Structure formats: structure tokens, C-alpha cells
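Here the chain labels run A, B, C and D in written order, and each chain numbers its own residues starting at 1.
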Amino acid sequence: MINRRSLLRNSLASGAGLSLLAGMNASTANAADAEPIPIGAALPMSGTAAADGIEFKNGLDLAIEEINAVGGILGRPLELHIEDTAEMGADVVSQAMQRLIDRYGTPVIVNGYNYGTNMVEMDVAADSDVIFIHYNTLISHNNKFKEDPDRYYGSFQGDPPEYYYGPGLLSYLNGLIDSGQWEPANRKIALVASSVEYSIVIANAVREFADQYGWEISLYETVQFPTNQWGPTLAKIRQDEPAVIAVTHFLPQDLAAFMTQFIPQPTNSLVYMQYGPSLPAFKEIGGESVKGVVYSTVVGCLPDDFSEGFRTAYREKFGPTAAYLTGSQTYDGLWKWALSAAIAGGAGEPYDGDQARAVSASMNRLIYRGVNGICRFDPEGQSAYTFPAQTPDASLGMPHQFLQHQDLTQDPVLVAPPAYAKGSFILPPWMS
Amino acid sequence: MSETKGTSLELEGIHAGYDGPDVLHGITLTVPQGQIVTVVGPNGHGKSTLLRTISGLTARRAGRIRLGGQDLTGLRPERIAALGLAHVPQGDLLFPEMTVYENLQMGAYLSRDPQQFAALLEDVYALLPRLKERHGQIASSLSGGERRMVGIGRGLMAGARVLMIDEPSLGLAPLVIEQIYEVIGTLREQGRTILLVEENPARVAHLSDVMHLLDDGRLTWSGAPAELLEREELLETYLGG
Amino acid sequence: MDILIAIITTGLTNGALYALATIGLSLVWGSMGMLNMAHGALLALGGYAVFSVATTLGLPVWLAVLAAAGAGALAGVILYICVVRSLIRTAGKNFETSVMIATVGISISLQNALLQVYGGQPLKQPFGVSGAFRIGDSVVPWLNVVIILVSVVVMLGLALLISRTRMGRAIRATAQNREAALLMGVAVERTYLQVLALSGAVAGICGVLVSSVTQLSPTLGADPMLKAFIMCVVAGLGNLPGAVAAAFGLAMIEAGVQFGMGARWGFPVLLMLVIAILIWRPNGLFGRAQIRRM
Amino acid sequence: MSDTTQTLPKAGKTLSGGRIDLLIAALLLAMAIAAPFVIESRYMMGQLILGLFWASVAVQWNLLFGYAGVFSLGQMAVFAVGGYATAMLAYYLDLNIFLAIAAGAVIATVFSALVGLACLRLQGVYVALLTYAIAQVIYLLIVTDTNCFEMVGTTCRQFTGGATGFARFGDFGMRAILKGDWIKGNYAIVLGCFVLSMLVSWIILHGPMGLAFKALRDNQAYAVARGINRFHTQLLVFGLSAFFTGMTGGLYATHFQAIGPGIFSISSLLFILAIAVVGGVGTFWGPVVGTIVLMVADELMREVGSFRSIGLGLIIAFAVVALPRGLVGRFSDIFHKHKS
């Protein structure tokens, strides 16, 4: 049950959203006996990615609790249905989504990520006329959307594709140099990717743009997924010391292991990592050795006042170690959809193309400020705009956040983009 | 071996077989204390099955087996061994990666008394001096005759009341066969209780107290060894001369 | 020099981990012709047992490691009683495949049970040593030394147990000739139980060591088990010293290739080597020719 | 002790056995044909198609292991080769999808025959490891492939598809013809191919070649003494089983319009093995029954939410322990007991 106090606090979090929805609901009566709207989610609840699957579900649970507390969507409460996608193959995920649609009649499916699907989810959504929001963070979404925008009208990627990590990182590095915060010994980057699409696309994007930004890729290593013995890779890095080590592998425990094996014999390099450092486990496992690590994320709960209510509520509800950074994604996704559906006059149901198109149109129109920042869809690819790589206007794109582990007793410090930054970059201890 | 004279092993109407139909059709025989009873018969007529059934390796379908008066029904092989039955199986079934000494040690697996072990080992080494010479050698590297000796020695190490030996001459050179039967002769002099299985009656007649002819799973003739050797027509029919 | 030491450190550490995972697997395989696909899950169980005892209950770490061995052994016993015993009696010549599939089922269940109990977020393993020492310019973490030492001690202990005790003799006898062991009075079923318990205990300790590097997640055993499976078969059926040699040898080669050719080639080259070995020697490097039927 | 050799001595009953097979086949086929007319749910149709895929792969694996005694763990690799070949031919060469599937099946056959060649001297678990190692090497080389082969839009595509795989290389064309009912068209194609593969397998198993397989499985020395050429027979069984496995892989890729390295995963392989073992290794209908049972079990387990995987694992373990010869073996035991 949600009480009045926490409702108030949460209304701080979802701010405009909550009151907007409440306002729209005010005109509709008898919310109590209205038939619930089924909400679908196909998440990896078991297997290698289960940890994240659970957080994605938490985010949805919290959003639904809040939305229902103000009367649901036009008087109809939301009801969550989960399908487990375990090892997340194309077959499993598309069948899971189809099951949600056929079994529960879900007009919307909000997924976290499922990797290895080749974005077949979009075909399921298109064939059944449902709205599909996901956080796969893949440029393949945009590419597929572009091939047939009319068919894939209902598919949205709630965050910017991983591709923008490439230019984002490079322009951040140049910014550090230009502002005099860092003087690199050379212009070499050592790229360490793991054998997963996400990791490889990011590494490839960095490689592709390196020239343009004045950098040289001195080493490109693809390690297995997962990996925990970094000895040979580190030895290679030490052979030709780069100014930047960019690890696009993302499992927190493996990245922590990288740091514990790197620190005893460090090189004079900035260490940049992907995703994993945002999870509590990274710091807990790596301890002192992760101090100074820079990482970035194109989506994640911003450490600002606006999201404080969300963060508190999340930790209260799911425990102190719960990773709200992950849960925030589906949380925002569902909120944005709920508002759009309310504006469009209802959630609709599967195989009702007209209503789904109406909801889709209102999702494209609505610029939503969630706990992850701005969500505004790029009409070219129907993924969230990223700021600053795609748009120079902070109010029109989701911030590509650069964070650094500075004081281990505190949360990591947001060091870029400047509009959101809470502190500034410090030279990691092994470099000074 | 100090035990009152009497019957050590009794079989009554034994039926047994593997996956298919019965191999043994109602075997009844007794092995009296201190005697050597021999079962002869052509290959593939159930001699080994008989011994395997007694030691519990092959399931019995009907009948009763008693060892020293105790019923063996429903007991697993390791329990039967513990009651005092040692089986020297066909083809030796040594522990190939163990030394000769370790194989003998395994023979006395059930005895936890080091003194008894030492005494038994001394007896076995006295009977089979070759084993003492080869005690540290890996079993799989021994010659056929030596392996047979290890098999018999291992059986003796159990200190069992009844010893069953399956075709001790199988696959050995004539000279070696002679040595092996010499050993069994010594065992006979020591007054051991033995159930012996052999294809060729002539080889074992002088060692046996009683002989049985096993044909197609049935005992077709029983009596004193000398009698069997006189019955040439029997030998001709069943054993092909 | 620096590079050589890095490769040797990685090779020896991985070798120690692989070897420990391999002997647990190989012991069971050699004595009962059973490929225990739940071995990886037992590793994970050991890792989490240490976490529960040391982190949650706050007891000393050495006690927790013992608890991990105990948990592994107990799981082995349960596995025997619930699954293996009846398969030995009923599966006949399909035992090899049946037991593989059944243990796969157990492994899926056990992994997901751990997921339900501990959650999916990686947890920090309390067993660990920080710090490092220097050899010339290069640095070797103490943790790697501890892993190698513990693993060697456990393997020596197991070797002594197998070669010097009555139980060990019974295990070897059963492995080499099940029927003969029965005739000697060895209670073969009890021996199987002991083998699985022993292997479970080794797996528990191995899980502690593995997770001191990988940290705790329900799937932590999958990779070491896969490697152990390979070492085990390359070494040949149930050959424990061979398995240890194969583990260290292949781990060294893997580390060398990872450095020389790039990380992506480490495991593939190792596998290609395995393929070549099997084509050249169909029973593994030091293998027995035949799997003795149940 | 009871084992699968029972099928051999009962040669005198092949006629009645054949009649029973025909009856079962007719019954199953009638249900399969009726399904799209009764079932409205696209999910259910999807599950049926998935079931046909798994059943087909399990049937072919059973041909290898259950009948020829080759314990291969490379089955999903053969499946993947078929799927990848189909996707790559259609993607790079714009080959008609049906031609691509046929070509994929042939490529899978060649691949599998090569694997069979490597396995020739091996037995039991050693075959398992070798086939598994081969599958794993291919998988690892594909997923760690990062070299750009061509640029697609803004991203680079590896020749092998890399960690991403291939998507949108063509489909059966049913969306254009049947619109919303396209899945029923896909079902018809997949069912047709499945029936074809079952038919061919049945004919082979009941012909002289089937006897040779079984003879090699049950007693290799004896079979070789009787003049059965192990080399030819084993290669043949590898190739044969691979043709239909590869074809299924191609159908799979086309139906889902995607193929990626995930298909090599050990969990899908083990699911196939579980299907065959639960249904009954070495029985003709075993894999089909196993597929039905495991997919229904999986479906029911979805109701218990997060305990699904725990339950599914226990069901598999329990089925193996309680039904040592699989469900079909158990049924036929009961059936034969009643007859005699």
C-alpha cells in the first residue's frame, strides 16, 4: 500500500507526470471497478542477466504503484505481467512477447534489455499492433526502424543507442584536454571489448570515430564474455602504454576484477568503463582499487533533487542494495507511455492499429522529463535523443552522463555534461 | 580353518539368467567342508553363471543357497563375501592399475586386523612365491600366469570358508596350467573347501572329491571323478572327447 | 620478463582452478562413468556457502571454507540418493546420457534456487587476500599465490586419501573393476556415495577459490566446469594425475595464446588443440581404452 | 535390466509395429492439420512451430544417438550451420529463401560429414567432447569477430554477423499473402518439412541401413564382422541427420527472421537432449512425445513465475530417474506386457 506521505514524496519524483495524470483522471469516475489494463514485460528473470531483469521488474512495479495511486489511466488501473526470457534468444523473447499479447492482451510491452534478439521484438510488436518500449540500447533498433517506419511505428527505444558512446567518449576526452584538466602522454586508446553485440558496437564506434577526434587505437582486444583473468590483456596494455584504456565489457564483477588486477602495476592511463561501474557490486567488490574509474551511461537515474524521491522510494521498497539505476529505465518508460496513452484517450488493445498509432503519435510528441532526464524520440530511429552528441540543447536530449568514482563512501560523481554535473573530474590516484 | 565337518555350501533348485531366458535350470549341489567339488561342462553352458549366482553377481530367479547354514537369499555380493565366500572370477578381474601387493590387500578388504593380514599374506607368499617377487609391479603389466596367481592369491587373502575358482586354466600355456593346478593341489592338501569350475575333466579329476557335469544349465551327471573318466560316452557327447 | 611472469601467474592460477574443478569431475567420471553436469552448480553452492557463513553469520573465514566443503559434500550425497542410485539400477547402457541429462536438470534447479535465495546481483566473496609482491618489475597478487597453494594442498590431501586409506583403495578398486570390488566385499553403492560426497566437497572448496576471482553469481561455475569437462576428457578417463597435468598445461597454453595472439584466441585455440589431441589419441592423452559399463 | 536392444529381436513384429506407427502418424498428423483451424492464438501457433523445430532436431539427434549410438553434442552447431548458411546466402547473395534453405541443408550435411570423419575413431563421451569442442570453436570465432566486412548505415557488419547475427534476410512471404494469418502459413511450411523429415527417417530406419545403424550401436565388433562398413555407415548417419537438422535450422532462421550466435548456447542443446531422453532414446516417437511433454511442462511452469526454472530442472531430472527408457519406452513396455 502506498501512503499519503510517500505519495507526496514520489510526486516530487515524477513531478509533472503524476499531477498531469491525476488531472486527466479526475474527469473519469468509478476507477475502483474498472477493468485493469494489462502491462507486459519480457525480462530475463533467470540466467546470466537475472540481476538486471529483477531491477527492471522493480522499476515497473514502482511505476505501476504510483500510477494506480492516482487512478491509473483514465480510471483503469494497471496490472503487470512478466514473462521470463532467461538466456534471451530471438525465439524465446519473441515467443514471450507473443504470449503476453495473446494471453493477457497487453497493449504495451515495456522491456529492459534482451540481448541476442536481432530486434525481432519489433516484428512481434508490429504484427500485433502493440506499443513496445525497450532499453536494448542498440543502433540496430534505429536501422531496423528506418527500413520500414510505417510498420515499426509502435517500437520505441527508451534510451539512445549504444553507438553514441563512441563520439560521446571521444568528445568528453577532448573536453578534458581542452579545459586543461588532463594532459595525456600520447593519443593512444586501448580498446577492450567483450563478445557481446553491445560491447562490440561501442568499441567499434570508438574505433570508427577515433581518427576524426585525433586519437589512435593502439590495441583492440576482444575478450570472452564473461572474463575474470585479465593478466594477458593487462600485459599487452603495459607493453605499449596508452593514454586511455576503454573497457566496453560491462559485467560489474569482471570490471572490478580488472581494476584489482590493474592497480598493483598500473599504467599512466585514464580508465574508462562501460555500465558495470554504475552498479553497487562494482564498488563493493573492487574496493579501493576502483577509485578514479570513469564510466558513462546514456541512460541512468540522474543524481539530482528531482529524482531523489524516486531513489528513496526505490530503496525503501526493494532494499538498500537494489540498483535503482537499472530500475529507473523501465520506470520512466512506463510513465511516459502511461501519460501518452492517457493523452491519446486510452491504452487500446492488441490488434487495434488505430489506437496504437494514436498512442505512438502522442509518445513521439510528448517530451518527458523522467528520473533519467529528458526522453524525446528521434523521428529518424525512434530512439531517445542523446545530449550532447545528437542535440546541443540539454532540454531536448537524454544526458550522456560521465561519472567518476571519487569518494568510495559516496555515490559516484557526475562530472559531465556540464549542465548536470555535480563535481569535476579528478586525476585518478594511480596517475598522480 | 578349524571348522566342524559338515556342509559348507548348499544349492537347491537354482534358476538364474541375465536379460533373456534362464541359463540355469534348477541346480542342486552341495560342497562339503574340506572337499573340492568340481563342475565340468562345455563352454557357454552356465558354469560361470553358476558361480556368479552363488556370489550374488547374477540375480537368482528361484531356489535357495546356504553358506555354512546361513541363507543367502536377498543378500548383495559384498554381504555374501563378508559371510565367508571368496570368488576367483573368470578372466581374473584384477585391479589393473594397482600393484600386486595392493591387489592382495584388496583381497583382505573385509578384514581390519593387521595381524591376521600379515599371517594371510605370509601364507599366500609361501604358496605363490612369484607374487612376493612381483609385489610392487602393476597388475596390468604381469604375464597371464602371474595374473592368475594374483587372482587366486587375492581370493585366498579373504580367509574365506569357501573358495570358488572359475576355470583356472583358461587361456594359459600348458606349462603354466600345470603350475596352477599344482597350487590347487597344495590347497587340497591344506584341506580347503573349494568349488572349482573347469572345462576339461581330465585336468581336475585327480584333485576333486566330487564331480558334476553341467550341460545346458542342468546337472546331468554327478559322482566320483574316477567314474566320470570311465564313462567315455558321456565325455564324448558333452565334451566332444 | 614482465610479460612472462604475467603469463605464468595467469596460467598457474587458472591451472590450479581448472585442476581442482577437473579432479572433482574426473573422480566421479572415473569411478562411476558419470559426467556430473551439476558440478558447476556445486561450485556455485560452495561459493555462496562461504558468503552465508562468513558474511551473513560473521563466522571466521576458515570455518566458512569448511562449511563450503560440507555443503558440497552434502549436495553430493543428496544427488546420489535422489538421482544416481536409481539410475545405476535402471538406466543400463543409457546410464551415461541419462545421468548427464538428469544432472543438467539438477544443475538448472540448483542455480535458480541460488538466484532466488541470494538475488542476481554479484556479491563480494569474503574469502580473499589483498596485496601483492614484486618479482623484479612485475607484480604478483598474493591472492593468486593463495589460490595455487590451497588448490595444491587440497589435491595432495585427496591424493593421500585415495592412495593410502582403506576408503581410497575401495574407490580405486571400484573404478578399476566394479565386479571384482564387489567380490572383495566392497559395498560399491556406499563407495559411490563416498565418491560423490568427496567430489562435492572438492567442488565446494573449488567454488570458494573460483569465486574469490569471479565473485559470486549463480552461474559462476559454468565456465570452470566447461573447462574441467575438457581437461577431464583430454586427460583420459578418470586419470587424476593426468587431469591435473592437462589442467595446468592447457591453462598455460591458453594464457600464452591470449597474450601472443589476442584474448579472443585463447579458448578457441585450446579447443582446437583438444580436437587435434582426440583425433590423434582417441582415448585422451593418458586414457584407459574402455569405459567400464555399470 | 532392460534396454533398447529389445527392438531388434522383435523383427517378426515389424509389420504390426509399422501399422502402429502408421496409426500414430495419422492421428498426430490429423491433429497437426486441425490445429490452425482450431487455434486462434498466435502465441499457441508460435509454440507449435517452435515445438516442430525442437521435435525435428531431437528426432535427428535420436537418429544419431538412439539408433547409431553416436553421442554427438554438435547437434545445435549443425542446426546453426543450416540457419547461418540460409541467412548468409539470402543476405549476401539475395538467394530465394527456399533455395537458400535447401542450400543450407546441403552445407550442414557437408559440415556434419566432416565432423563425422573427425569422430570416426572415437567412442562415447569422447565423441561428445569432440563434437562439442567443434561447436564451441565456431561459436567463439563468430562472437568475437569484430572485423568490419561492410558498413550498414552507420555501423559495421562482420562477415559472420559477429555477436549480432543476421536479421531481415527474407521470410516465407506469408505476410504478403495471408496478412494477419501469416503465422498459419509459416506453420504449414514448417509442418510440411517436418512430415517429410519424419517420413524419410522412418523409411531409412526400417530399411537395411537402419539395421546397419542398430547393429553398429549394439555390437560394433559383430557388425563389422558381418560386413557392415563402419566408416560408410557412420558418415552416412552423420550426413543424413545433418540434412534435416540443417534444413530445420534454415526454417527456424526464416521463421524468426533472425539467427544469432545464441543458438549455439548449451541450454538449447541440453533442451534437445532432454526432449529425446524424456521421450525415449532409440524409439521412433520418443522425441515427438518428449517435445510435447516438455513444452507443456514448460508452459505450466510459467504459472509459478520465478520458480519456473527450478521446476523445469526438477521435472527433467525426475523424468530421467522415473522413466529410464523414456515415456515411449515405458508405454511400449506396458503395451508388450499386455500382448504377451
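Note that in this section a contact is a pair of C-beta atoms (placed from the backbone, for glycine too) under 8 Å apart; a residue touches a chain by one contact, two chains touch by 3 or more.
By chain, with names taken from UniProt: A = ABC transporter substrate-binding protein; B = ATP-binding cassette domain-containing protein; C, D = Branched-chain amino acid ABC transporter permease.
Quick caveat: nothing in here was measured; it's all calculated off a predicted structure.
Novice: By C-alpha centroids, what is the most central chain here?
Specialist: So the chain nearest the centre of the shown protein is C.
Novice: Let me check something: if the centre of a chain is the mean of its CA atoms, which chain is farthest from subunit A?
Specialist: B
Novice: Would you kindly tell me how far, in whole Å, the mean C-alpha position of subunit C lies from that of subunit B?
Specialist: That pair's centroid distance is 42 Å.
Novice: Could you please state the distance in Å, as a whole number, between where the Cα atoms of subunit B are centred and where those of subunit D are centred?
Specialist: 51
Novice: Please compute the C-alpha centroid of subunit A, do the same for subunit B, then give the distance between them in whole Å.
Specialist: Roughly 76 Å, centre to centre.
Novice: From the C-alpha centre of subunit A to that of subunit D, how far is it in Å?
Specialist: That pair's centroid distance is 37 Å.
Novice: What residues in subunit A touch two or more of the other chains?
Specialist: Expected reply: 46-47, 195, 222, 224.
Novice: On subunit D, where are the residues touching two or more other chains?
Specialist: 1-3, 140, 144, 306, 309
Novice: Could you check subunit C for residues that touch two or more other chains and list them?
Specialist: Answer for subunit C, listing residues that touch two or more other chains: 112, 264, 267.
Novice: For subunit C, which residues are in contact with subunit B within the complex?
Specialist: 166, 169-170, 172-173, 176-177, 179-188
Novice: For the complex, give me every residue of subunit B touching subunit C.
Specialist: Touch list, subunit B to subunit C: 55-57, 76-78, 81-82, 86-87, 89, 93-98, 102, 105-107, 109-110, 112, 154, 158.
Novice: Sort out for me which residues of subunit C touch subunit D in the complex.
Specialist: Those residues of subunit C that touch subunit D are 29, 35, 82-83, 86-87, 90-94, 96-113, 116, 226, 229-230, 233-234, 264, 267-268, 271-272, 274-275, 278-279, 282-284, 291.
Novice: In the complex formed with subunit A, which residues of subunit D make contact?
Specialist: 41-44, 46-47, 50, 140, 143-144, 146, 148, 152-156, 162-168, 175, 180, 182, 252, 256-263, 265, 267-268, 302, 305-306, 308-309
Novice: In their shared complex, at which residues does subunit A touch subunit D?
Specialist: Residues in contact with subunit D: 45-47, 82-84, 86-91, 94-95, 98-99, 101-103, 116-120, 123, 127-128, 139-140, 142-144, 146-147, 163, 193, 195-197, 199-201, 203-205, 208, 220, 222, 224-225, 351.
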